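Order as written gives the chain letters A, B and C; numbering starts at 1 within each chain.
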Amino acid sequence: MGQLLAQILVNGLISGSTYVLVALGFTMISGIMRVLNFAHGEFYMMGAYGVYVLTQYGLGYFPALLIGAIIVGAFGVVMERLIFRWVIGREVNGLIVALGLSVVLKALALIIFGPVELAVTRPVHGTLDLGSVSIPYDRLLVGGCAFGIMLLFYFFLTFTRVGLAMRAVAQDEKIAAIQGVRPSFIHAAAFGLGCLLAGLAGGLMAPIYTVNPTIGELPMGKAFVIVILGGLGSIPGAVVGGLLLGIAESFFSTLIDGTVSAMLVFALVVLVIIVRPQGLMGRSL
Amino acid sequence: MTRSLLVATAFAGLIAAAPAHADKTLFLGGIGDLSGQGAVWGQALQGALRMVQQEVNDAGGIKIGNETYKISTTTYDDAYQSQKAVAAANRLIDQDEAKFVLGPLAASGAIAAKPIFEQNQVIDLVVGAYSRKVMEGNPKYIFRVSNTPVEFIKPILTWLKANNGDKIKRVVVMNPNDEAGWDMQELETKSYAEHGFDLVAKELYERSTKDFQPILTRLIAQNPDMIDMAGSSPASAGLIVRQAREMGYKGKFIKIGGPGPREILTAAGKEAAEGVMQYIPADPSTEGYKKLSERFAKLYGHDMDPSALTNYDALKILLAAMQKAGSIETDKVAAAIPQVMPFKSIAGGDIVLGGKSDYGSDHQFINPIFVGTTTDGGLKIVQMQ
Amino acid sequence: MSSLELDKVSVAYGNIQAVHEVSLSVRQGAVVCLLGANGAGKSSLLNAIIGLIPLRGGKISWQGRDMTGTRAFEAVRQGLSLSPEGRRLFPGLTVMENLAMGAYRQTRGDTAVSLERVFGLFPRLKERARQRAGSLSGGEQQMCAIGRAMMSNPSLLLLDEPSLGLAPKVIGDVARAITEINATGVTILIVEQNAKLALRLSEYAYVLETGRVALHGPSKELIDDPHVRAIYLGGVATA
């Protein structure tokens, strides 16, 4: 039993860590711009296709992951300047715009790549066997990278000037502006960074699963559950919520089954909404 | 440049239109998932329509009775959803005045659209749609053109018992948690028992699942000799194979359900996919298959899913029935379908009409049945008796 | 020579006009106060000067430069700084981070100098440097807000209700800091409901009533003005 619990925990932590990457960008964009970017899953999808295309051109996996994510981030900046800046602070309008963009991006992927499942060559093979717990190396890599990226993101927000300005804008945009922060710059930067994180998550998961135009839907759904769980706009909430969701899912679906697990997770979310409407960690960036 | 292109197009149009006084148009409608989970099968459906259209029109049309017909086709996307399948059926009948339709693929869509086709006396060639209800109630205009588990599960299990019976005793079945999955699970539970296998676990998972580790942790603990991915989508099946191998599972895999060798190989990776067995509706090593696959690749830029061949055969049967009837009146065509059977598949082997014992009427096309074993990235094919 | 010049400035929120053609001037290096009841348009005027609200009409200039239409994030480079009404600290950031935000446009070297100066003015902030601003007491929050405004090393400091809700002892500390800041040559425009305090700190005062300048003059004279005494000083005689 102890052995099984350890395996459940490891599985949950690894899948949870990838949920966190998607949720972080989603919650940050919502915190800074008051925009619920429901196209966030499609930026994840683009990151996965980015890795696929770049490795097809002979690039190594890691350069492809990085370059792909940067391209996705840059595309996010363009989308913010073209579309999202007009709906900042108007959550319903933003939601509709994002849903529209999501449909368009999926359709574009379908036109360009077709409905087929594409595979990205795995950077590592094999399974790490620790006796009681076995972890495939590629998942270990994904988990490690995800935690590394979380740490970098934390340092960025805490110790850099732009990171500080992002937190300030999230808390009080007008007062941040009179300190000399240009809000439009922070909006574009935050949106781009959020999309870059989603792109990284997509690129990390691409070799684990397959790539098709609809792969963004599932992580988007998870990210939404996580930010409700952790508190909309809350960075610590996204981390705690993501890991909690990963572990809860792993626990329930190993010990009971997948369907019951989905139900129980949903029940957990409803419970949080009723007991703590502001989420586990409240709203602060 | 654009201008000259326009002129050229107009000119080409004139030439094409010139002999129009002789030709009538035969419209073939399609309903398939072109954007969702079943898009691979939807594209195979659309591709079959386009290929039949292409070859008939290139040959100057098809002579039915005293008329020569050119074929035109349109396939509507139902995104694997029943309400969209109904909308597509209505649109085909009301706007396009379709009398012949291929699809839908999803059981729910086929069941929902069934009364519409029956009422309007439109021949509907259903593809996939693994549900008994599609064939119930003695439909007059509905034919199912692809094999379903009812047709192929027994031959496959008989073959398996004869060839691997000593090695495979404990079996685990995994199905998606929806109507198709439930039907499949019920049928497999019965069939595995009848063939003397020990079904140690039956798992229903949510269709959106990608991380099967938790489920597999539990299933592998049952020490199965074989995991059957049954009604799983090919991509899900591939992920199950890969993740189970990574978790140290050493037993066999089979997928007695909707085919998708390419997707399984892609999702599982060449190494993990080695030795995976699956139901295959056509033998890819035949000349007929290869030729059709090349034509498909020209249209879509990637390999053909085997189900396209079944669809292609079904459309050829339909056209043969029209010629036999000497008419495109649906009553006459429906009556002529049994007369053109058995029909030779382009990939060899006979397609016959059956289904009376299972569904109450002979409206089921029974196609040749194969099992493909993934070997070094390719498929080793065995035909079932 | 006058340095901040407002010429017939009007401010409106939608259809509601908050400030009607207000003209005023502040001499370089002076402390000038704006008195008035709640809703008289005092805060609106400060927000308009710093660029948080667009002008409906009129002109603003600072040290001879036209500031009309300057956007909020550009004002700090012109030497303007605001300690807003209700302090408006970033509650989730630490005291240190709030101060760092105040120096957002400063170089690293200048920031160190400004920080030393702010800690000199408010030693309490140094003790609280690692604490979240949201957890500070009212007085500490006000010190932090003024400190943050001073981090950009401004030439014109706009103070909006610095004494609001503070204990008398703390008000004294804040008042002393304002005098010290002014002594280093910073021009200060201060909005206050506590007229007694404001008139004591300033050399010149404007009284706003329903968005218009009702009265203005040297603070010493206004202290004895019967109208001001009746309405803003509660009839209490002052020293």
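To be clear about the criterion, a residue touches a chain if its C-beta (ideal position, glycine included) is under 8 Å from a C-beta of that chain, and two chains touch if they have at least 3 such contacts.
Note that the structure is a prediction, hence the values are computed from the model and not measured.
Between the chains A-B lie more C-beta contact pairs than between any other two chains.
Central chain assignment: A. Criterion: smallest distance from chain C-alpha mean to the mean of all protein C-alpha atoms.
Centre-to-centre, using mean CA coordinates, chain A is 43 Å away from chain C. Note: centroid distance chain A to chain B, computed from Cα atoms, is 36 Å. Remark: chain B and chain C have CA centroids separated by 76 Å (rounded to whole angstrom).
Touching of two or more other chains is recorded for no residue of chain A. Contact residues of chain B toward chain A in the complex are 34-37, 39-40, 42-43, 177, 203-206, 208-211, 213-215, 217-218, 234-235, 238-239, 243, 246-248, 262-263, 266-267, 269, 271, 300-302. Against chain B, the residues of chain A that register as touching in their complex are 4, 7-8, 11, 15, 106-107, 110, 114-119, 122, 125, 127, 129, 134, 136, 209-210, 212-214, 217-218, 221, 249-250, 253-255, 257-259, 261-262. The touching residues of chain C, counted against chain A in their complex, run 50-52, 71-77, 81-82, 84, 88, 90-93, 97, 100-102, 104-105, 148, 152.
If you check the complex, the residues on chain A that touch chain C are 161, 164-165, 167-168, 171-172, 174-183, 284-285.
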